[in-house]
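In what comes next, subunit A is part of two complexes: it sits with subunit B in the first one and with subunit C in the second one.
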Partner chain A sequence: MAEEKPEKPSTVDFAREITSKLGGETITYCYQCGTCASSCPVAKTTDRYNPRQILRLALLGQRGEVLTEDAIWLCASCYNCQERCPQKVEIADVIYALRNIAISEGNIPAIYTEFATGLMSEGRIVPISKFLEKKRADYGLPPLKPTGIEALKKILSATGFDKIMFKKGESQ
Partner chain B sequence: MTSYALFLGCTIPARQPQYELSARKALTKLGIELIDLENMTCCAPPPLQSIDLETSLAVAAYNICLAEEADLNMITLCTGCFESLAMANRLLKEKPELKERVNKILANAGKEFKGNKEVRHYLQVLMNDVGINSIKQNIIKPLNNLKVAAFSGCHLLRPSALLRFDDPERPRIFDTLIEALGAKSIWYKNKLRCCGGLLRGYADDVALAIARDKIVNAHNASADCISTLCPFCFLTLDLGQVLIKTTYKEEYNMPIIHYAELLSLSLGVEPKELALDFHKVKIDKVMEKIG
Partner chain C sequence: MTAKKGLSKRSKGKVKKMEEAKVGVFLSDCGGQIAKILDFEALTGFLKTVNGVALVARGSEFWRGQGLQAIVDAVKEKKINRVVVAENIPKISEIAITKAVEEAELNPHLVEVLDIKDHCAWPHKDTPKEATEKAKAMLLAAVEKAKLLEPIEKTEFPAVKSVLVIGGGIAGIQAAEDLADMGFQVYLVEKEPFLGGLAAKAVRFFPTDDCAICIQSPTSDLKTVTQTSRKCVYRSGFSEIPNLNVLTNSKIVKVEGAPGNFKVTVERKPRYVNEKKCVACDLCTSVCPVEVPDEYNAKLKTRKAIYVNKPLVYPPVYAIDAKACKFHECAKCVEVCPTKAIELDQKTEHLTLNVGSVIVATGFREYDPSVIKEYHYGEYPDIVTHLELARMLDAFGPTNGTVVRPSDGKPAKRIVFVQCVGSRDRRWNPYCSSICCMISLKHATLIKSAFPDTDVTICYIDIRTTGREHEYYYERAREIGVKFVKGRPAEIVHDPATNTLVVEVEDELLRRLLELEADLVVLATAMVSSENARELAEILGIELDQDGFFKEYNAKLRPTETKRRGIFLCGGATFPKDAPTASLHAHSAAVKAAKFLMNGKIVKDLKVAVVNEDYCGDCEFCPVTCPYGAITLEPKGEGHFVARVSELLCEGCGVCVGTCPVGAIELRHLKPSQISAQMKALLSINGTSKPLVLAISCSECGNAAIDSSGMAMMSYPANVRVLRVPCTGIVQVQHILEAFKAGAQGVMVVGCKPDGCHYEVGSQKTHKKVELAKTLLKAYGIEPERLEMFNLVYIEGDKFAEAAKMMTERVEKLGSLQLA
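Moving on to the complex of A and B:
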């Protein structure tokens, strides 16, 4: 994948960038013991993924590699590592922070565009078919209440979410 | 009667009417009133947290505001919704500066997060508001020692520092509630490990390999079924078996049943009222066993 931004000059800068993001605050506590990787269901299943390795690269300032490669998208957000990390690194949240940075730079896997589109059009990431909505009465379920799509749109534009997802448009 | 604002979420009404039906019926029978509020949205689960954590917190907080305005605590069925909402609720209650930041965003939608309500998963409501004894007293059809592989899903338990649902390494609540129905909650390998569901759509091969492990482990422990709480885990394991058949040429026929369905059946709800045909893996074996 082509890099969007030039490499940041020093290791410290990328670490500082991550710790200043929501979710990324604890990354510098990592002392590379590997407990996270050995508690990780994804790392056990594929050698494409190792959380300790991601943290190592990030702490070494390998910004481009971390943000553009496949690995950060392979965390299943199960929080098993986070429960067990002896240094209290909030690993799953650090991965979210890395994904947030990657996405803000236009590196957006297609599935995330799909989720965001559902959210912005209907207020739900999984849309409800008209068929099932009609069937509800047959099952004896109450009609669905309308979603708060108007309020939601205001929130998404206040945080810039709509722009993050749809201005750059690489994945659309 | 205890009343709660029901947070239904997206996946349950979109895909799993059998979950919604069984949960509504069972909880109502046990004296819990479920109130459907207008203007709820998606809970802002991991896929949205991956896009932007700050937005996700604000969206979760927005939904909690609706419950605050209705002066109700919130009940969730989906463990994913539980995690997003309970985590946001705890974080914003504990971190005033974060609350202030989120409230600035919410002001655009005319809302303010106050932090005076609780977000509960329905298992907590069963444990604490209904109580094990009262559940036992209401059971009409005990489940005849059905061997159940309990699978709560990650986000009921973790991150435990914020969710505080149960001991994250040795949880007991879900098992206790299964056994209250006259079933057996059995041990199986890697019981607390993730189903891989969140990788579906990005890395389907990895997701399926992780889901297969779960099915194989329950199968090897001679489970009659796997019981779930999360609609996403359900999909991953139920539809997953169709994919396992085509990809791995293996067939396990392991019924996946939401706990709310087991609860409804044992409370005497008629199976035909529960839309059980939404199961891809048929649950006939289980129905026979419980009579």
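Moving on to the complex of A and C:
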């Protein structure tokens, strides 16, 4: 820990970086009241997640810690916190902004890369297995139709999705 | 004093029809200081050649002693009728000089004072020859202006020695008492049937836990009350001051007239009980059959339709709640009243008061926190606001001083306070209400001291104890075991099985989610402006700030005044305040109101704007622009209106002059001809090798910055010439064009900061005008860079010197201006 390189961008720089991103504009209003943390259903179930703490770390310029650890990926986007924040911080949207920055630097948790790969190859996040097909039949559901993968691929590459998700080509 | 008695009478004084101008010029070398730089021989020699100059005198100072006497003698004996003085710090020396001139029976407005030290000798000390030439131009400009000066007379306006105080809380009571003590006729108007306001409800105040409502006794009658005692309102004797009238159940519905002489209409709702007859025997309440929830006591008990808030109120007279009373259907109280005080047929009255000034002391109120859905106020009865808790803590209150759960009346053993409810919350009220932390600390301490077994927790974002001794209060609260949790609760939920409230909060310091169980939750609700603030502001013609409180003229310098003269503010009307601060504010407002009215008249030099009615095309620009609301449009014939200036309200800034598209308004004290004459003179002599630059500066911050650059001996080139106007707002595009025609190669406009303009809007307006002028210049083939506006303050003398150099270099680079 002690020998780690100091964080590059300063406190102000990281906050400025976040506020310049879509969804991140309101982060500097945060005055650490904790309403979000005590409103958050995820924080209630796991110690690994606390929205107030993420904002705190971000405002203190702890860029590396915020962007590389998995906390920002745990938000369930329920917007409970955002409804209640007395400073009108758009917390869930700030988390999206942070995720976007993380992704643009290739900091993508493995599970998301898997989702992306599935989407690109089969047009589905969850791959279809024999087991799944059988389950559907048991419930009387019709078999799944093909996804129109070629069209989807075109859309995904037109929006740059493929480039963003596989920026550094890592699929751990 | 030349002023005469009577309404708005003009005193022409000793001014006769003006004869030919005989200008006396008095040159001070400031104790010899500037004689080393300026060639005084040359200056006197030059002045003697100027047409109209009848006398030139040189001395070491002219604003006091022998020098001043020399001016007086010249006026009296040599029949000098225009006085030009080159003296140090004109703003100060002018006062003594004009006074002496007036005593010598010359109109004081026939004097022109200029500063050849800080505006010439010092900044150009390295180029003495150039400085002398510039001084010639400055003196010539002063003489040319002086020749065109006209006498300005004084006018008197009535100032009725009577004050209306709106709001009978702690601030209003004290302001009223101060003024009544000083001999003013005072009307204290309160909308409720009883005085006391929020302080009476809050019972005790911090940081002394003292009664909130005691006041300093009146001092007007030293026989009955001692000066040092403080007393409860009801026994203070303030109501016995003969010139103080308390009007309860009343509100202001109309204000007309002018500062010093307002006509105010007060609507007085009936009390149905004759104040002079009621002996407060309480027999009426025992027979009254109507019971309603007692709002004053947080609905924790009921009261009758005829009632008092609590014992010891002022006035000690019962009142009937018109919404609840059955009147003649019942009338039981009428029968039982031993003094026949109950008068069910009383009607709403309208009174007209003639007052010289008005003090707004309408206070503040608690915000209704039911809008914050996650706190469920109004839904779960055991969630209360801090004033509701205060009622429980009052020994005269609904629970006789014990703290209970409103749902079942059982003692509250676990109490959680929630801070910043609806305040510091950008969804509701973004500001900090400033006193709620202390109120909660007070309540927590009172509870913990009286009932030590009670578990008391305060959930806070920040604890703010900024006042004197307030931090000790916080210390004591910790000492006696009040618990503090840093975190703002997300929700308050109710467990019906146990009738317990649960406060969900993150203890941020532990980084742990807590569920605090409570019998009672107290919301430290935001404090907001009084309900009728907007309506009252409209009636009075004053402004509210962004948070809905009454806006003062200037928070630092005029904290109890408003933009409208004669209308003052105090107490919580401007922002939530604790009792000591409200008190301070009230005394201060009383002094300002007294100062405004104490002479019984307002005497004013008519340095005001006048409208040429033949030119005015009623475009409505000036009425909207005037920062003092001094201009109204008055009907003149069929469908036509003309602008008319109130001589009382006009401050003489000239912003209207700069606004009028047809040149229909001018200032009596700075006519267009005087501006032109000065401009031409300033630009008629160069004496330097550089192109002439004219700086049109306001008399306030702009001129102060120029003064300070000179005082600090910062240098800038002598080709820069200053033309002083009251406010840059007077500048018209045409003035700028005129300056170029008269020989300026560059024009600077130097004013206050846009948000610090002494005349509110002048600087901003001029900024726009300068931008417009640049476009026009381009059309005329003049480089727009030759014109620039600078916004400076006193401490920015260096910036003025820099700007002057910069503009000089800029126009040098542009080369000589060729006018078609």
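Throughout what follows, the second predicted complex is superposed on the first by the 120 of 172 C-alpha atoms of A that agree within 3 Å, B and C clash if a C-alpha of one lies under 4 Å from a C-alpha of the other, contacts with A are read in each partner's own complex, and residues count from 1 in each chain.
Keep this in mind: contacts are C-beta pairs under 8 Å (C-beta built on N, C-alpha and C of every residue); 3 or more make two chains touch, one makes a residue touch a chain.
All values derive from a computational prediction rather than experimental measurement.
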Partner chain(s) touched by A:R124 [first = subunit B, second = subunit C, both, neither]: first
Touched partner set for A:P86, first subunit B, second subunit C, both or neither: second
Which of subunit B and subunit C A:Q32 touches, first, second, both or neither: second
Which of subunit B and subunit C A:C78 touches, first, second, both or neither: first
Partner contacting more residues of subunit A (subunit B vs subunit C): B
First (subunit B), second (subunit C), both or neither touched by A:R63: neither
First, second, both or neither for A:T46, with subunit B first and subunit C second: first
Of all residues in subunit A, those that touch subunit B in their complex: 21-23, 41-42, 45-46, 48-49, 73-74, 76-80, 82-83, 90, 92-93, 96-97, 99-100, 103-104, 109, 111-112, 114-116, 118-119, 123-129, 132, 135-136, 139-142, 144-149, 151-152, 154-159, 161, 164-165
Of subunit C, residues touching subunit A in the complex: 374, 420, 424-427, 461-462, 486-491, 504-506, 508, 511, 513
Subunit C-touching residues of subunit A, taken from the complex the two chains share: 29, 31-39, 43-44, 50, 52-53, 84, 86-88
For the subunit B and subunit A complex, residues of the former touching the latter: 8, 10-11, 13-15, 17, 20-21, 24, 36-42, 45-55, 57-59, 62, 66, 105-106, 108-111, 154-155, 158-160, 168-169, 192-194, 196-199, 201-203, 206-207, 209-210, 213, 273, 275
